Structure formats: C-alpha cells, structure tokens
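Structures given as structure tokens follow.
Each of the next two complexes has chain A plus one more chain, namely chain B in the first and chain C in the second.
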Partner chain A sequence: MLLRHTTADVVEREGLTINPVKTCQPVGAMYAALGIHGCLPHSHGSQGCCAYHRSALTRHYKEPVMAGTSSFTEGASVFGGQANLLQAVNNIFTIYDPEIIAVHSTCLSETIGDDLNQILIKAQEDGKVPEGKSVISAPTPSYVGSHITGFSAMVEAMVKYLSINSGKSNGKVNLIPGWVEPCDMRQIKSIAKRMGVENILFPDTSDVLDAPLIGKHQMYPDGGVTKEELVSAGDSIFTIAMGSFASEQAAKLLNKKCNVDYEVLDIPVGIKATDRFIMKLSQTAGVEVPSDFKSERGRLVDVITDQEQYLHGKRVAIFGDPDQLIPLTEFLLDLNMEPVYVVSGTPGKYFEKRIKELFEQYGIDGKVKNGPQADMFLLHQWIKEQGVDLLIGNTYGKYIARDEDLPFLRYGFPIYDRVGHSYFTTLGYEGGLRIVEKILGLFHDRQDRDAPEERFELVM
Partner chain B sequence: MGEHTIPAPELIKEEILAKYPTKVARKRKKSMVTNDGNKDKALEIQANVRTVPGIITQRGCTYAGCKGVVLGPTRDIINLTHGPIGCGFYSWLTRRNQTKPAEGSEENFMNYCFSTDMQDQNIVFGGEKKLRKAVQEAYDLFHPKAIGIFSTCPVGLIGDDVHAVAREMTAELGDCNVFGFSCEGYKGVSQSAGHHIANNQLFKHVIGTQDKEPEGKFKVNILGEYNIGGDAFELERIFEKAGLTLVSTFSGNSHYNSFANSHFADLNVVMCHRSINYVAEMMETKYGIPWMKVNFIGAESTAKSLRKIAEYFDDKELIQRVEEVIKEETIQIEETVAKLRPNTEGKTAMLFVGGSRAHHYQELFNELGMKTLAAGYEFGHRDDYEGREIIPDIKVDADSRNIEEIKVEKSDEEFRDYTKSDKLEWSEYGGMMRDMESGSLVIDDISHYETEKLIEAYKPDIFCAGIKEKYVVQKSGVPLKQLHSYDYGGPYAGFVGAINFYKDIERMVTTRVWDLVEAPWEKSTQVEAQYAAG
Partner chain C sequence: MDYIAARQGQILVKGKDNFNISCEKKSEAGSVSQRACVFCGSRVVLYPVADALHLVHGPIGCAVYTWDIRGALSSGPELHRNSFSTDLREKQVIYGGEKKLYESLIELIDRHEPKAAFVYSTCIIGIIGDDVNAVCKKVSQEKGIPVLPVHSEGFKGTKKDGYKAACEALFSLIGHGNIDNVSPVSINILGEFNLAGEAWMIQEYYKRMGVEVVAVMTGDGRVERIARSHGAVLNVVQCSGSMTYLAELMKEKYGIPYIRVSYFGIEDMAEALYDVAEHFSDYPEIRQKTEELVADELSELLPQLTAFRNDLEGKKAAIYVGGAFKAFSLIKALKHLGMTVVIAGSQTGNKKDYEMLQDLCEPGTIIVDDSNPLELSKFVKETGADLFIGGVKERPIAMKMGLGFVDHNHERKIALAGFKGMYNFAVEVHASVMSPIWNLRKEVL
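Moving on, here comes the complex of A and B:
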C-alpha cells in the first residue's frame, strides 16, 4: 500500500496539512504571465521558488518555461531586494530582450516588505526599462490564497498596468478564461470566433505552452495576448470572466478603471455551463448562435443517452481547483453521476456555497470542503469510509487510485504522468464529449477487466 | 551530426560574454574555463558564488538541497515542511526517490507531503504554535520514530525557532526524535548549502544514536546515493553478490535505524562528493571510519570501485569474489557495448547538472566512445572541479559563513583505529577537470543564454541537464537526457545501470523523429522550382 498509514477515522486537524490540493500563488502568476506575448515572468525572491515553479509548469506542459529570478541570498533578505530587482530588470532587458517583464513576489520578498511597485518605478526612473518596453507586477505571497489566486493577481496586474479606456470602442468582448489549459484557451477563442464575436482573450497560453518543435527554440513563442490587445481591453464592450476565483478580480478592476461592464460565468465545462457561455456571447455581441453549435451539442447529448447506463448513480470523488470543480460537479450531476466528495485547497466561501447549492438542487448527500486542511488525506479518509466508483483529480490522485483500486480520471493541475491534457480540450460541447468519453473508457475497461470469462462481452 | 568542426572554446566564450552587461561579463568570465588537460593540477574556476539576479539559472535553493535531496529519500522519517504550502508541494514525490519497505507494517511516509501550510496570520504572529500542533498531529496519526522539521524562507525571517520546538516536542512525545533544519531557501547560493545543513543535523541528531551492531564481515556505508530510478537497488544487488554488508545508504532506500547504526561501518564510500563529503569527514573524525571516493556510474568505474573496497578489507576471499562478480557482469556489458557502440562512437555530449553527476556520467559516455565537449555543475564547489587539495585555498565568503559549521570531536569510546593501506587513496578526490580533455569547456552555474549559445555553436548529439532545460534544448533539435531524474528511466548505476544507460543513449542519438523536424516543403528548393516551372 502506497498510503498505508491512511485510515478511515477522520480526526480534526488544525496545524497539519497532508497531501495538499493546492499550491502557492507565484506559480499561478508565472503561468498567467506566460500568456502574454513576448513576456518574461520574473520571480522576486530566492532561486528555489523560481526553479520549483518552472519545474512544475514544465512537467505539466512538457514545454520550455522561461522565467527570471532575483536570486536572493541572506544579504538581500536582510537589506531588502531592491538592488537585486533593479539589477535583474537591467540584465533581463539586455540579455533576453522581452517586450514585457511580469514580476511577482514570493513569501520571502513579501515578508521583508519589498514594495514591487515602488522598485519598478525606480527602475523606470533609472532608465533600466528601455523605450517601449513594460514591467508589470503582482503581489503573490505564498501564505495567502493558492496558485489560483496568484493567477488571478497577475491577470489583474495586466489590467492595472496596461488597459486604458481611450474613449473609442473597439467593438470587442474581453474573455478572461481563468487557469485552464492552452487548448482550452484556444477552444474559448474558437467558440467566440465561430459565433462571430471579436474578442480579446487574456491571458492566452495557446501557442506558447503547446508550441511546435521546428528545430529552433523561440524564447518568446508566437502565441499570447499582445500588449496592444491588453491596452485595448479597456475599450471593449463587455467582459466575460470565467471562474470567480481566477478571473473576477481583473474584470472588476477593468470595470472600475475603464468602465467595461462584466459578468462572471463558470468556466464552460459540460453542457449547462457551455450553454450559459454561448448565450452570454450571443447576448452581449448581439449575434445569433450558428447552427453547428446545435449539432455539436446534440452529438454530446446523443452519446450521453446512448451510454447513460454506465454513468447512472456512479459515486465520484473529485479534487482540484474551484473554478473547474464547480462546473464539473454540475456536469457530473447532469450525467446522473453522484459527485459525493468534493475537495479544493483554495480558500474562499463561494466554493462551498456553490457546491452545496448543487448538492441540494440535485438531491445529493455529499461532502465538500475547501481551505485549511482540505487536503487529499481527508478526501482519502472519506473514500475509505464509504467508497466511490471514480476518482477525478490531478496526478497525485494516482496513489489513492492504486491503493483503493479506483478508476482514475486525470483532470486539473498538475498532471505529470500523462499527455493530452494540454492538447485536447475539456471545454465546450467538444470538451464535454471528451470528458464523457474518458469516463466511459474507464468504466468500460473496469467492466472488461473484472468480468468473469463467461460474462466477458464484445459489444458495450 | 557529429561531423562538424568544433569552434574554439575561447571564441564562444568571448561571444557569450559580449552580450552581457560589463559587470556580469566580468563575473561570468571567471566561471568559464577552457580546460588545459593538466592531470596534476586543474585550472582555477570560480564556483559556488551567487547567481546574478535576472540570469535564468538552473539552480534551486537550500531547502531543496536539504529536504529534497538529502532527507527526501528516507522512508520512515516524517519530513514536515514548516512554511507556506508551495515548498512542501513542489518537493512532494518529484525527485523519484524510490524505496522498498518490507511488506506489511513497515513504515513508509514517502508518498505523503506534510506541511504547516502557514497563513498570513502565522507570518504576523509567528508560526511556532501551529508547528507544535502539526508535530503533535503528525505523531498522533502516524507514530513515527522521527520527525524532521524544515524551515522555509519566511520562517527564518519571522524568527520561528524550529530547533526549540523540536527539543520541546522530543521531550514531550518521549519516543519520537524531533529535529529541525534551518534550511531557509535564501541561505547560501544554491542547493549545496542545504546539503551541508542536512548533513550537520543528521550527524547531530541521528547518526550513531543507536547501538545495534549489524552483522557482517565487511561493513560499508554508501554516502551520496539517493536511489533515483532505483540506482541504490542495483548497488544493493552488487554488494550482496560480492559479500559486502551495506549498513546504510545516505539516503537512497534508507530508513532511520540504518542511519542511527551507521557508525558501525568499517568504511564509508562516497558517491556524490558535493552533497555529503561533510558526513564522511565528520564520521572519520568522531569514529575513525575512513572514507574513499568511489564512482558506481559506468561499468569500469564500478569495477574499479569494487576493487578499491576489496583492497581496503584486504581479504583474499572478498577480493576473489569481487573479481568473480566483475567477470560475470562484464560479459553482458561487453556484448551490449559491442552491439551499440557503432551507433554512438564519435558522437558528442555536454553535461550541465548537479554537483558530481556531470563528472560521473562522462565515464558512461566514454564507454560508448562519445566525447564530452563541455561540462559543468549546477551547485558544485571548486573542489568538485579542481580536487580536494584546494579546499584550504577556497575563500570563505559571506554566503558560506552563515551556514553552521559544527565542531566534531573524537569519541573516545566509539573511535576505532582502522588500518589504511598506503596504496589506496584516502579522503581524496581529484575533481572533474583532471578527467576531461584539453580544450573542453568547463562552465559553472551555466545560464540559459549560455546554454543556447553552446548548442548553437557545438550542435552536440546529446545534452544532459534537468527538466527546466529539457524542452528548451529539444526545441532546438538536440535530444536532452535528464540526469537528475533520468527521464523516468534507470537505474544507471552499477552494471545493470550501465547497460540501461548505453541503450537509452543509443536510442536517443538514433531516434528517427529528429529527422522529421523539418517539413518536406522546407527541406529543399525542389518543390518551389517545380511550381515555378509549372
């Protein structure tokens, strides 16, 4: 047994987190920054943070993840990191020549009280930022929030430092996708495009973290939202922010700063959340929904009706990020499955509220927890209590899945041991079909594996 | 590939330095040396100095070296990270430390990640209270023999005294050894500081704390072997076959009691010099146990190291058995090399990794007939490059000075006098540069920019580094072999490991996909010509 010490008795813990369902803010800020074209993320703290974040993102996306660090040693920790950051900005523009540097803080630089904003103004004044280049920054202490709130902070910084209302509408809709895969960002753009909605998607990691191999390393791949687009986001007609945890702050600030109205929707996972997204796009841009969406949606519904017997009543345990778990839970419920245990490490009352509403609406007697000590150890204990038929979550779930002999769907961040997550979307009706296909594949394999010879069947 | 002229290293160096701001260039210059091939005395290289802010570096932090590298592979110590969640999360199972506890009840906490998950109120009001609770809860849930507490950056800044908490909790719990590590990420200039801190605390709190003498005639500890990809399993196999008793491995596939009884060994052999030479030194001072540098990477090195060990014990039977093992294992080595070498002969490699691996793995490339054009360490010190004899000359700077040096004294009761033959090299290590050819480039703490320039200039057939470098290099059309995690392959140590490595490298330098990088319409002007003609 890999997790041989985990037992079913749940004891309240106050000090100890075991097997967390979250990680820290800076990695989210780094991921968001990579979604700007020509941007080099920069970690203001000791080297280890940057190394860990680059490694985590690299292992998940299997792509180059470039980022600088202020390389604090003890001296900088005592006297402040200003000198390090000024030197870093100068070196980065000289050696790596980015369009923009996106700096985020770490628990170290936050604890000693470095003021990123002030240091970067000084960099500007000292002439360390070349003409036409930009530096933006976000506070991301690791002892607040999670990787999701760190992502949110950097997206907010894009608006804070760059977006401007010029008084002239650009006729576009801003789309803030939240922490999703590069393919998911592409999917959101593609849905909007098929609807005929001109849009600015930010951040946009498609073509950055799924770049082609062409025999040459591009420090700044072709993808990413451009600085001009981020500036122009202040002139858009509306903002759709997907996921309240990762996207609402930026939309709110854009509203305050540039007077762009917004609405927070769920990330379009599953049928209903996709329906809401498409309806909203249609309303805000004043466009009709093209007929091929009806066909695409119909194909997904068709597969579900065909295979309903394999899904009905199956108990599911899920862990991951709040913006994804909310619509995913709803989708599983629409599949007549029972997502009975839902855990997210990211704090925030909205999560539990939404999941509980879903439980109530669909008549599920489930357990949900997020925030302190909402970890995989607890989830495993719940699973041991009453058992489930399926586990959904990031790669770390494989230890529970093996011990409990559970079908396991890899979903979320990080996924270190499979490929596909960054290429095949799980958003929209198309992504819904992929989720259903994956789940059915697991159940069908399970049935084949467990069937006695006399009951082993060809057609399913 | 392989058949191109290699540009002069000095020119490449100049080209690289030209891009840097003056101050950076001045500093980096000293860390880039063209090796002169002198076997007696290596050239001086600057190492173990701060990375320049803004430079994209391979390096990590002190915490990573302490918790991740040295203590990480031990299965029955609860490794509790005191800090915000990130540090604990990133060091959770990502270093491929395999371990094999006995079936059933034996403790194994390797798959768990323990953290105090500090929140802002802990930063403001202090985190000791939460830490005490966490230790208690870990004890109540798991009843471990030992709990190690690892300090992260903010812990040092706010002044939480992890050592005091550890002492209190050891007294309170009674049967659990709790000890702390001041391994905040900002200490030192790389992971290396963390190794040193880990070694000190292991020595103070664990090594020699039990007195159950292991049975066996030839008792050895392997230091600096972390069981990445099962390397330690292979060495265990060889040791057993040769009749050597492995008391403890620091720290691959290890457990608490093996550390606590490791002072009964008759000999310490050191694999990764950088991460653990401190323990070897301290054990020699306190217990008299002699140590020798070995290398189990490469078939010839493995044979040589086994012979060295046998010679130390100076036992006829052991010497004979070791020869038999070598002979037996060599058959397959020779067969494999004969088969694969035609595909690898003359190809070129570069290694920028770790603090010993960039040296050790050159041995395996040699056995494949491959040439190492350039190499360097991520967190090495000058002695790893130039040999231990220069240790007294190394200037101790501020960053090294803030790492605790513990005073070790001879233990009158436990000290044993060992006979050391003059024929063997004791407590010595010649470093990497002496083993490298004249004209090869040696670069300490290589940066991303330098990596790109090297690849552009040399177009090596294979590049060895870590996960952060992997896809960058591969996007340029050059295969990258990860030598920290082995690309999830291995083992590469010992005899079976050598065979695995030969096969993996041969696969990587002959893989057909590299020929597919260019699309046909980009390859030739033929297509255009046809259309133009049509």
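Moving on, here comes the complex of A and C:
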C-alpha cells in the first residue's frame, strides 16, 4: 500500500506535482541526439543533470548512453558558461572524435542566459570545430515543456543546422518518428522499405540503443541517421511527421527552410493510424500497397474478433506521452474497450482536444487531462472514484497497479523493470498484434489467477 | 593511450607511476564523467527516512530522476517513495517560487501528516534566490513539525557537498527526542541505507552482541529515532564519505565518539563488530558474544566460499565505484575469491583514500579518479578483466564488452553486506564471470 495516502476525492492543486507523468526537456534532447550517427550529445549545465539523464536512458534501454557535460560550478553559474562550453567542444573533438556534437541546455544554463547558438558560432570562429565536423544545439530549459518537447527541439535543431535544399530532388520521403523505441524506428523503416519508398528517418535510434553484443564497446554504434542524410532531408519530396508534439516542429521548419511539404500523422499505433500512415506513404511516393500488408492487417483484425468477448467494455486508464496516447486511445476504442482516463504530463492544448474528439466519436464518458498537474496522483484519484480493468503506462504505474490490484501493461517511457519494449515493436499491424496479445495475456492470466478451483478452465 | 590532457594525473599505474594522484578536482568540461551533483548526494542520504516528506523544490526533472531509485527499504511507512515536486515553471523562474513552495508544503503536510519535511533546493533555486529558509521556518511554526531546508543546489560543489547538506539537516533533527531509556551499551549506525535490507541484517548482528541500536541513519529511517540518537554512546560510521561529517558534528555537540567501519567482506565485517565490542570493553560478555557470532558465521561461510574459489582463482576484476571506501572492501573480498584487482577507481576519493587503495593493490593495477566510459573500456581491454564491479552507468558498457558484472550501487537487489552478503557476493561474482554466454559473444556467422 505504497500509495495509501491517495484520497478518493479529487483535490484541486495549483502548484504541486505528485508522482509526475513527465520529465524534463534535456533527457528528450539527449535521446533524439543519440539517433544521429556518430553524435555525442552534450549537456550544457551541471554534472548532475547529465548524470541523471544518462542514467534514465541507460535504465530504460539497457545500453551505454554517452554524453558530455559542461560541468558547471559556481563560477560558471555566475560568469556564464561560455568558457566551459568552448573548452568542452575542444575536448570532445580531441578525445571522443564524434561527427557531430549535439548540445542542449539545462534549466541552469538557460536561467543564467547562456546563448548556445552564439557560443557555438564562436567555437567555430575560434577553430574549435574541426573541418567536416558539426555542432548543433537546442534550448531545453526544463521549466517549460517536458521530455517530449525537448526531444522535439533537438529534432528541429537537426533541420535547422543541417538540412539544405540543393535544388535537386532526392526522390525520398522524410519520416520523423517521434519518441518511440529503437524497434519502432526499425519498424517504420521496414514498412517504408516493404512499400518500396526510399526514405530518410530521423532521428533513428535503431542499432544505437539496441546494439548487438560483439565483445567491444563502441562509442558510436553503427546505427543512426547520418549527417549526409540530414543534409539531404532538405531535398526530399515530402515529410511525414508522426505526432504533433515531438515531430511537427521539425517538419514545419523543413517546410519553411527547404520548401518540403509535410503532413502530421499519428504515430502508427493500432489499425487506423497504421492505415493512414500506409495510405499516406503510398500516396506521396506514388506506390501501390503490397498485398502482404493487407493480409497482415486482416490477421490482426481476425485475432481481435476471435477474442472480442474478452475485450469489450473493459475500462482502461492510460498515462504517458501525448503522441503515443492519441493513437493508442483510438486503438483501444476500436478494440471496443473504454479508455476512460487519459493523462499526460506534457502540456499542449491539442492533446485534450483530440482525446475529447475521440471520446465523443465513440460515445465514451471519459476524463482527460494534461499539463503540470496531470500526474499519477490525479489518475489514482480518478481510479479510486470509479475503478478500471486495466492500467497502461510507464514503469511508475506499478504503484497504482499494486495498490488497486490492476492488470498493468507497461507502455511508453520510462520502463525500468521489464525488457522487450525496445526489441518488439508496437507499431504497424505487427505491433498492433503485440499490443492485443499483451492485453489479452493480462486478462487471461488474471482470470486464471482469480478463478476458484471449479471454474479454472483449460480452454479460454 | 589518449586521455584528456588535464586528466593525466588522475590515472596511475601502481609500481610504474610516481604515486601522487591528483583528485578532488572538478571534471573537465566535455568529459563523459560518471559523476553526479550536490542534490544527488543529499537525496540519497536523506531519502530513506520513510516517515518524512521529501519535497524537491525546482523543475520537474530533478524530482523524477530521484523518484524511488534506490530501493532503500522501509519496514513501515512508505511516504518517501512518492515523488513530490514544486515543478517550477517559467513564471516562477521569473517571479520566484516561494509562494508555490509554501502552498505545496502546507497541502502536503495537511494530507500526509509527516513527522518532518525535507525541502531540497535544486540548481535553479540557487539562481533565482528563493528564501527557502524563511518558508521552511514559517511552515514549521504553523504546522509544528521540523521543516528542514536542504541546500543542495547541484552546481555548488560535488556529491560530497550534498552529503554535507544532508548531514546538517539530520543534525538539526537530533537532540529533540527523549533519551531516558537508552541503554548504556548503545550505538547509532551512520551511513547505512538499507539497500536490499542490509540495515536489518547489521542491526541483527549488533542485537546478538547485546548492543542497542538507537538509530540507523538513514536506512529504514524514522524521524523519532533520529531525534533521540544523541542518547547513543557510540557512532558507527559505515559509508564514511557521506556521514563522517555528521559523526563529527555529534561528537562536538554531544561528545559521542565515532569509529569508521565497513560491512563488506569478511575481515571488515568482523572488524566492525569487534571494534564496537572493544568500545564496550567494560562489558566482557559483549566481546564474548561477538566472538561467538563471528565464529558461527564464519564456520558456515568459509567452506561455502571454497567452491567458488576453485573456479575463480586467477580471474581479474575491475572496480569503479562511488566512494573509495567501498573499493577497499571489495578488493579484500575479491582476494577471498582468488581474484586480483586490475583496475580500481572511484568517483570521489581523496588523496588518503588513493594511497590506501595503492597499498591494497598488486603492482600493475590501474588506479583512477573520476573516470569515464572511454577510459574504462580501454583499461578493461588492456588488462583483460573478467569482471566489472560498478553502478548503473557502467553495467551496459561491461556487458557490451562481454565480461561479467556485479552492481554495487543503486541497482543492487541482494544484500552484499555482512557475512551472508559475502556469500551473496560470491554467488553473484561466480555466476556472472562463469556464465557460458560469454563464450557466445564472438560472432560465428
């Protein structure tokens, strides 16, 4: 009864956040930067933040996460961190030899007013950036936004600093996947490849944060979008940005800077969002949808109908990142389940609007909240008011799941206490099947666990 | 080997280099340092106090990253395992966050009725200049419980300064409890955080010796026990890096002497018990019970270790941990398993620590201060280590290189302290080093 202090009556809170459903911007910027090949993320601030962000990513992905820090001390906090950053750039290129350094700020460096862009221009002028190497940067103070907006800022920086329209089309489609798992990035590439659509996916953490064990530590694993590809993204025919929170800004900028048209779609979670993604790919690249997608889709629908009686009417509480929650909510609704409570810590009006539209469309009397006080304390209070049959969210949901004895599907970031999330995709029809399989597994296990002897059945 | 030039003095090879390590300096800008911040230090020390409120004043990240990360177990309340944050927004960064802090404290204290509250200031609070002391004082008066500011702005030093801030907060709790019934044979355990229930094991040993443990700071901690800890006769400091300062404070104010001990490994564990017995030499039965206890435990443990030793003899180990004191114990423990230490490093050791480290190590051992992944993986390759002992950030690196790993930090789920802990340690080292999976690490396709 870890959360025994949670009361059922919902209290209005102004300031306080209790058991948050978000974290701070820099960790998102760091994750995005790891999706560039040969890139060393760099945290401009004190050591602590960087250590925490690396730990958080290491725990979730179970992979080495490299990042430099400007190692602020009191001096830097008073006089500004320019000297630290200049020295850092110099040290990093000399010792760690990356292709790119992707610098992000922290609360501290933002508050004291360091201008990353200015400092890095100076680094260039001072000859601290070797020929052919690059430095990009994104402002990510954590008192605005969340880890998702930090991710978005760094993806935007990739476009801002690197993409160029050379006037010659490369015939490719840009795919911006948003904050998803390495396996999901791989899945998106694979869908495009099966469709015969040449693409540039960025960022791309596959083969970086799910790298194979080969008996040596690679500072820069084989994966990641290359700098050349990021430059070339300005010559692509179209951009599909997945998720408005994490991907839209980059697509918008690419449009403005290089005149590449774009559309924002949901991350392809579930049937409808995957349909939309595949249709869009086929349309923009002018390719037919191969028939094996149709069978894959059909198999997923088949499994769902086979097990329909276990799904319908089940009440679900979900929390996590907005771009994932929107299509996930839609998918659950298509499964005839009732996602009644939806909570995201990331601020942004679009989220509530979309979820409410979905509630309306499917006739659900649900609750949704995002932003500062949308936290797990609130979610728990809602659950106490009226219970649910399933909880979906990141690792921290385990407290509620235990207290309320709920089946719990781990989904999103961070997941510290299970493996598989970074290897088995939940995107596309294949991923949809996995989500359904997991949900059914939870319900079936629960039924077996709770069944009295005489009702314990072989066939379910 | 290529190091950041300025780090040269921080990496030495025993028997080769002139031993004058430079340490206790700040990491170079740009290094992929494994170090944390002041706040991190305060948080790990205070967080196990289970019936207190822990409110992180600052933006959300600092609170999230320290939310229940260390598995410091409690036998009762679990308030400490929640994450409370004032979640500062841009508005407060400009206009100040005192009002938000005040309201948050009142609300939380009303709802959870904690025995005390700790308010951690993170980096940004130091910059915007909130008067956290004043808010805490006001709330303390209104609510009648201790509300303690912990000045742990990340940039104002290292993790060590965080320990210090935590000690100060604890010190202000001490002295308020009733000490009438405290036994004349009593101790406090300082710097034991009850990871995997270790504080319970250690307390059990002292109990068997006939020694009362007044307070453990801070494993399975309770405000009330801490408040009467000045009644104890002796302070026993385990994690000396973090808690020696508190022991000093208590010595000064309450005249309580302290000893430094380690609970890891056979010699150190036994010594920790004997040293306490020694202190109570007026009570000869304690010495006798201690001897019995150690003999008992060892007669069970030593034969168990032989089997492991047969397999592990001659294998090489690399150690990179937070405090140097832990490294000492580990080196001794590994000797019992027939292993040699080829790399020994710490994040925060001082000159004396490194000298002692050198004394304990074989010639050729690489001794390193404030290292980073690139160096560590180079060292491992050069020395051909079979085992790495470190923390969360070192694990995946070791794994990728294909060598055994034992977590001796946050992610540890089994007790490694005490005699039972030595056995657990041996099991884990053996299982990891001898795993057949390492034979499969090379590509065959």
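As a convention for this text, the second predicted complex is superposed on the first by the 460 of 460 C-alpha atoms of A that agree within 3 Å, B and C clash if a C-alpha of one lies under 4 Å from a C-alpha of the other, contacts with A are read in each partner's own complex, and residues count from 1 in each chain.
Here is the rule we go by: a contact is a pair of C-beta atoms (placed from the backbone, for glycine too) under 8 Å apart; a residue touches a chain by one contact, two chains touch by 3 or more.
The structure displayed is predicted, hence computed values, not measured ones.
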### Task
Specify the outcome, clash or fit, for chain B and chain C once both structures are aligned onto chain A.
clash
### Message
Touch test for A:Lys216: chain B only (first), chain C only (second), both, or neither?
### Response
both
### Task
Applying the touch criterion given at the start, work out whether A:Met66 contacts chain B, chain C, both or neither, answering first, second, both or neither.
both
### Query
Looking at the overlay, what does A:Gly127 touch: chain B (first), chain C (second), both, or neither?
neither
### Message
For A:Gly48 in the superposed arrangement: first (chain B), second (chain C), both or neither?
### Response
both
### Message
Quick check for you: in the superposed arrangement, does A:Tyr143 touch first (chain B), second (chain C), both or neither?
### Response
both
### Message
Looking at A:Ala56 after the superposition, I want to know if it touches chain B, chain C, both of them or none. Which is it: first, second, both, neither?
### Response
both
### Task
Would you please give the residues of chain A that touch chain B in one complex and also touch chain C in the other complex?
2-5, 11, 13-20, 22-27, 42, 45-49, 51-56, 58-59, 62-74, 76-77, 84-85, 87-92, 94-96, 106-108, 111-112, 141-144, 146, 211, 213-218, 345, 372, 396, 399
### chain A to chain B touching residues, read off their complex
2-5, 11, 13-20, 22-27, 42, 45-49, 51-56, 58-59, 62-77, 84-85, 87-92, 94-96, 106-108, 111-112, 141-144, 146, 211, 213-218, 345, 372-373, 377, 396, 399, 416
### chain B residues within the chain A interface of the complex
19-21, 24, 50-64, 80, 83-94, 107-109, 111-120, 122-123, 130-138, 140-142, 152-154, 156-158, 185-190, 398-399, 402, 448-449, 452, 466-468, 470-477, 517-518
### Message
Applying the document's contact rule, which stretches of chain C touch chain A when the two form their complex?
### Response
2-4, 26-40, 58-67, 78-79, 81-90, 92-93, 99-101, 103-104, 107-108, 111-112, 123-124, 126-128, 154-157, 373-374, 377, 381, 392-393, 395-397, 399-402, 411, 441-443
## Note on the structure
In the complex, the residues of chain A that touch chain C are 1-5, 7, 11, 13-20, 22-27, 40, 42, 45-56, 58-59, 62-74, 76-77, 84-85, 87-92, 94-96, 106-108, 111-112, 141-144, 146, 211, 213-219, 345, 372, 396, 399
